[in-house]
């Protein structure tokens, strides 16, 4: 029976005429991110959580061409074994994203509603500049202060309000691994060490950014990319990332 | 009564089928500014004045997604207390922009018809380059001359005609404050000190640009961003901003 | 009579359902050029010649918003006095472009079918780099060779075929003047001195590029902007514009 | 007879309502590549192979304006003489691309399903940086490792799977020639010397990238352009392309 078959794969989970439905929002966001150079060459990805349901872009698709029927869906509650995933809905002839456990970390450890992963060159260059910085500097932490756009970030996990202009934004950097899912442990460690961060840089790879809502995750991802680009240009012009203004 | 409720919030002030109506123009401009990187991460904003009525983009919205129903409206004549604002029309579940008193300064002190606030990275880099310039240089004034695009600026307040190619364009820089509305006093001081300027840079933050009309404000904002970008590239290439050609 | 009034201003000259009609093509091209940063802040412009008729973008309009009814039309044959222009069709409440005599120079001296004027920052930076180059170098000539994109240019006036990969592309630079129309004489001198050039750079201002057809003018304008951008990046990286490969 | 005439030129080969048909895909891809700066000034091109049939963009067209009726079609099996081409379908008043024998090399020697040729400035700058590198370095090979985007490439001809994060991506560089078709021999030599490469850089010219499918060719072209841009920025910031991480 066709109806049965359709139910089996739970296609109804990704079918909605509401433009704000996660299965419609993810392709729309990915189209926008492609124009920003964040998801070039099928890299990067985006996931949205709606209560217990998690919607995920698949692996290896051209992000500007993604459609709602390409979206995976899983239930957070059903993920008991960290090594295997149970999907409520899997698109035929696609593969789940290796980013999945990393998105889940933001959802389970931080209650995030959306997580965005970009390969933005500005993010990669920041991690390379830190890697090549003098011995005295912490190579695993990007710090910038006294830039208005920092106010685009929340104060932190379960805290009200946004960072202030004079606050120092700190984004931890973790080392890349050959298999993306193997980043999960060090991503979670970075979250534990910097409980208020909304982002983790991955050396020579890109960045993961999340937020309580799609709106907040996107605003923080844009603000962070702005700050990464600005910081790279500051480096070219000999301008320091930290200053004493107060 | 629905009609009553609708009248109370003056929704008719933002409803028009005319594409040139301020409530339609502001979202259209903001979409364009988003593609230029001026209003990334909900930063920046735009306001249009039509006689006594001022139309304002709200705080914290994704600027490329803004709709006419998101627009605030106030009457200039009714703003008697500088510390509090009375809105003729407030969108439900949004907050007024902290830029509001700064936009109002351009409208009341200069009779501007439109004011644009961007977080353009080129503007921020100019303020950083000035901050880090040698002691002998004025760190609070951007100056450039002998570039054709300078002709995109009017001569000044209540003056006819445009700047000439050999004229020096001077844009004052004010220091940023933790709360954007606290910029108002120093913005007004800069306007008093440079009565003919159509723009004020805010250190580590961005720029405010205005004009008698939407057309003029946009033309000046584009021309200024062009000059900021050019000036940053000139700095990278060792080219001076001021020259003696005449 | 309405029909009479319409005929008087020759509005039929700019009304066509053919997308390739000059009055439709100029706005379409200007929209594209705006996204390339060539006509920021109402700067730059485009003109197309169809036999004796010349179609011109007006002065001071937002180039990405231009409409066919904004277009001026004149007859080449009727322009007997170089100091005054007779227009067959003038849009109400707009002003003719100061670029007009420069466009006409390309049409009358070179038989061009289209002339494009940009304020591209790459063009401006090339003229600044030449101005600041060592004494031994010709500050009034941009030269580059051994780049494939050079093949985007024709060999020259009334010559068949395109430049080769090993050919040196030479673009003369003229000094800017306070009034754009005063560039006409030096533009014509540069055309006389470099009879095969399809472009003239204007110091601290931009570039004029033309071609036998709209297609050729646009191809040459794009190729030239590509080479200007490449040359600026080469300068940043310490790479010479001329090389001895053969 | 109209039907006869139509059959003669095989116009049916480029007429399809399927958006995934090569004659529809090539113009769509070229529009996208134009916005990326890959096919400026009619430069660059794209070809798709569907079994024995090869679809080719013509020479000298504005790539963002290309239409399906502009597409050439040939049969691989019928190409017996390397110096002459037999076309099943030729658009009237256009010329075949000089890139044709280079595209065919990817199809016949590697069984590629799509080949993309760009004039990307990042590709050109990489070849210039290598040309100007110290004597000790191989000027004919671009190498980069330990960047996540490298995983956007397949392991090589008739091999399963993708490159790993720690693998070194190697792209050979061949010298440019005055006539593009004369690149064929050295392109084939580079393919023989680097049998697993999916791309060949052409000095001072651009790059050829291919893949088993359109999807893979485009993903590899985007990933490569990303790496070229990143590598140029790394050079500006004094960061090495190769590192010892493992």
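Think of it as A, B, C and D in the order they're written, each chain with its own count starting at 1.
Everything below uses one rule, namely that a contact is a pair of C-beta atoms (placed from the backbone, for glycine too) under 8 Å apart; a residue touches a chain by one contact, two chains touch by 3 or more.
Just so it is clear, the structure is predicted and the values come from calculations on it, not from any experiment.
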Going from chain B to chain D via touching chains takes a minimum number of steps equal to 2
Comparing which residue numbers chain C and chain D contribute to their contact, where sharing over half means same and under half means different, the two sides are different
Greatest centre-to-centre gap (Cα means) from chain C is with chain A
Note: chain B sits from chain A at a C-alpha centroid distance in Å of 32
Per the C-alpha centroid definition, the whole-Å distance linking chain A and chain C comes out as 45
Contacts with two or more other chains occur in chain C at residues 236
Among line, ring, star, complete and other, the chain touch graph is ring
The chain pairs that touch are A-B, A-D, B-C, C-D
Within their complex, chain B touches chain C through residues 146-149, 152, 164-166, 215, 218-220, 222-223, 225-226, 229-230, 233-234, 236-239, 245
As the complex stands, chain C meets chain B at residues 37, 40-43, 60, 62, 119, 121, 124-125, 128-129, 132, 176-178, 202, 204-206, 232, 235-236
